[in-house]
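Presented sequentially are two complexes of subunit A, the first with subunit B as partner and the second with subunit C.
On to the complex of A and B.
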């Protein structure tokens, strides 16, 4: 009765209304920034008195914004590659390994996801002060890799669990070496998991704020750090323009991820 | 590598080594050093913890942290339950739309979302002007730089983390159990209170605990929407280390946050195991 939508009576409308209001609550701020980024008011009056592209022009004319976006992209791509490679190796050990303590190792791999990021950020900041890695590209990559890796491990080990190891054995019986079997049979078999892990890892690095605030130097900062420092001064519509581009990127990556999922089910 | 030499799949621990070494060098050891500094700086002893737990300034920060996390959790649970319930049984066409909205908001850049709320909630912002237009208020309400702003911003961020796991739990409930309740003469309200809520209970509790823990350690939204006068624990850690270069106090605050977080996760794991064994 309560789990049959058509037999809910008046409750059906109450539940639908709550759902609709919540969806609006989630959607409104996102639509709002997109609208503001095209609005002509510097003081973010809504609805805007007119429409303009000047905030985008301002954004693209400022080399600091472009530089920060390029830095973010560079770090994101390196993190993505390392996270998928390390995540794949770790998942092989977790799923196919026969050593004892795999459950403990899995829990260990997932701890960076569980701890508040600020603790990791402060701890790494202290370590990097000694190692001279603050404000460097490797520093950013290591910091982001620590938080992206758990997501890659969850995704890839999930894919590996559903891939039957006897297919790999069959390849070996047919004369493939173990490495050949892994590279040419297992890897293609779990490619959806690898793609998803790559997208997640990139997005985590690309969006990461807290670690980046601690790693950044005036010479090297990521896009979120640039947004953060600008936000603390004023709420200029240029941030709305930057945010809109970030939302657009999210939508594109979500569609890609959905297509991958669809490809998997077919 | 172990398994490469043994022909098939050997022990395989070697494959995990790169990730293990990375985490040891750049996660375990740095965090351990940070916590150590709380009892060695400026002088060996527990004085950092005495200051942290003894002074009223820090008491207010602890209160803010637990209060906001508690309120955010309560509101999130209240909204997420009917939404997850509806999503579980709605026609697939509608639920797919709402699901896409939830994922979009979850994956939209955190700063972009927080920026939107800073603009929406400011004195001349849309929310205040709408409330004024419909005659609810005369003077604009102060909605940013205080805990109200933090709470709204955090509920926004935490909702997906509550809805998605809860949806999984409700989808697993057998509708026949509720039909049975109806056949036995239970009214809708009775069936909700005595059958559906208890069955969804473990999901509500574990999701709520997760939101509470995540809220306790949150940094970005409280700093941007709360202002410096309404600090929370994560901001205190950052401030002690970055602005005051007081590693002892920063380490002590980090230790407190770490213990609370891991303690609550331990409760969560225990709770989950029991719920699944049932």
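On to the complex of A and C.
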């Protein structure tokens, strides 16, 4: 290799140090929040004078927090299912289709990734005002689906591109109808891609805040919105506890996604 | 005339202005091993894919036991196929891969197990049921694919260059297996390849494809001894072609005159031509002989040695005619000339009369 880590000499230590500093820079705020959520001080003093679980008790005793978490989970799961189903159908057309304008259509599907989220949010808010969808569950789902779908399409298209269409042809000659072949051979063949798409779609919805703030009503808000609004009213360690749980679920799902990818490469 | 088992009747396939196959006409007997041989883009794979039902012909018909199969969708044709690429279902074990066609046919569990066992035994992979495809070599995967294609006893098995991804030694080993399996099962096989050696080794008959058409159909020895066209003569065997002009014609035999006035007489002529037209004289390498002294007039030519290569069991001598056409003659190990011939030597090449063919230049 042109740049062999082992042959860098003194640079090796410099590079390692830069990496460590970068990792700390990225992780410290999160570790800080986690520590504060277990700290006994009401005023978020660091380092915490003592340790306690009372902020978690307060969190779980408050039906508004539980409601927000359940709303987040419900929206996340619906977005996940729709994103994978629509992403699969779109990917089938983009990868296996032979119609004109596929490249343009693909680029079009991916635009929500590059558009500033706040612009999408304002546009959706204006549109939903007419449709009466602001502050409703379908409104949340559509908004999050728009940002989750490009990731699902990228992941599933990627899996489908590496899956040889001859395998599907082989299944058809074996006697499976084209739909049976897709269901029994192609889908299981790209299941790693489908799982990854599901996890990322859920996570995108789970910790999305900009669109959610626009969509939220006092009666219906997601966990990140609840964190944000609470933060504006009073600075309580309950927020740290809620944030810690948010991060925990994200980390767990990221690990699952990594394991799926590892399982695929083996 | 009795109805042929499989009849490919005037198949034509065009993509816009491009003609992929043009009036392909072929009858295949039950149990026959028929190979489609030709360069890439010659229409052999297209014909196979039309048989499989993945493509529809622009014109023509395909009849199996007298019944057209073109209206039957691929999955109901009951045809077996082994592909060029590895097509085992990656998420299923070897046993489940082979069982797949039977499960799709809703066959009972006990019967499935028995048939899978027999099919794996046929390709000599007994006991591999639980292995995952990713943990097998390319050769093993293609053998499983073969078992999967045969497990439901299809009347016809299509094979689309199934060995092209394997190395030479493994290829020969599996060619031998395919021959054995053909003999044991008696299944009718249509085999596509661009490898003449593979075609000669496996087939009962070979159809030579060129530019979407079948140039000639016959057994290996027939094609080698009596090539109908320049293309067939060139594609099977490493022949030399010497360019000249037709000097005289009589009853399908001709004399050819080369630049400088030398003339070769009484060779079978393929293709219609008239005096003065450009024509090639084809000579098979193993029928040519190098001698220091001049051969009989009209069936020998003087040449100049260009290069000598020792190849173990033979020595290959590259030589040039006086008008510049190249030809290669093999001297078997121990040939009196083998150790003595040198670059620049003037020698004579002669041949037995039945080894020469003349082809009118198209």
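The criterion applied here is as follows: the second predicted complex is superposed on the first by the 264 of 266 C-alpha atoms of A that agree within 3 Å, B and C clash if a C-alpha of one lies under 4 Å from a C-alpha of the other, contacts with A are read in each partner's own complex, and residues count from 1 in each chain.
Heads up, the rule we're going with is that a contact is a pair of C-beta atoms (placed from the backbone, for glycine too) under 8 Å apart; a residue touches a chain by one contact, two chains touch by 3 or more.
Owing to the predicted nature of the structure, the values given are computational and were not obtained by experimental measurement.
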With both structures superposed, pick whichever of subunit B and subunit C touches the larger number of subunit A residues. B
Looking at A:185, would you say it contacts subunit B, subunit C, both, or neither? Reply first, second, both or neither. second
Which of subunit B and subunit C A:51 touches, first, second, both or neither: neither
Name the contact category of A:167: first (subunit B only), second (subunit C only), both, or neither. second
With the two complexes superposed on chain A, say which partner A:176 touches: subunit B (first), subunit C (second), both, or neither. second
Doubly contacted residues of subunit A, that is, touched by subunit B and again by subunit C: 169, 172, 178
Mind listing the subunit C positions that touch subunit A in their complex? 52, 54, 73-81, 83-92, 100-101, 104-105, 145, 148-149, 152
Any idea which subunit B residues touch subunit A in the complex? 3-4, 7-16, 18-20, 22-23, 26-27, 29-31, 33-34, 37, 79, 82-83, 85-91, 94, 97-98, 101-105, 107-120, 122, 124-126, 156, 159, 170, 173, 175, 178-179, 181-182, 188, 191-192, 195-196, 216-220, 224, 234, 237-238, 241-242, 247, 250, 254, 257-258, 261-262, 265
Subunit C partner, complex, touching residues on subunit A are 164, 166-167, 169-178, 180-181, 184-185, 188-189, 191
Contacts from subunit A onto subunit B in the complex sit at residues 1-5, 8-9, 11, 14-16, 18-19, 22-23, 25-30, 32-33, 36, 43-46, 86-87, 89-90, 92-94, 96-99, 105, 108-109, 111-112, 114-127, 142-143, 145-146, 149, 153, 165, 169, 172, 178-179, 203, 207, 209-210, 214, 224, 227-228, 231-232, 235, 239-240, 242-243, 246-247, 250-251, 253-254
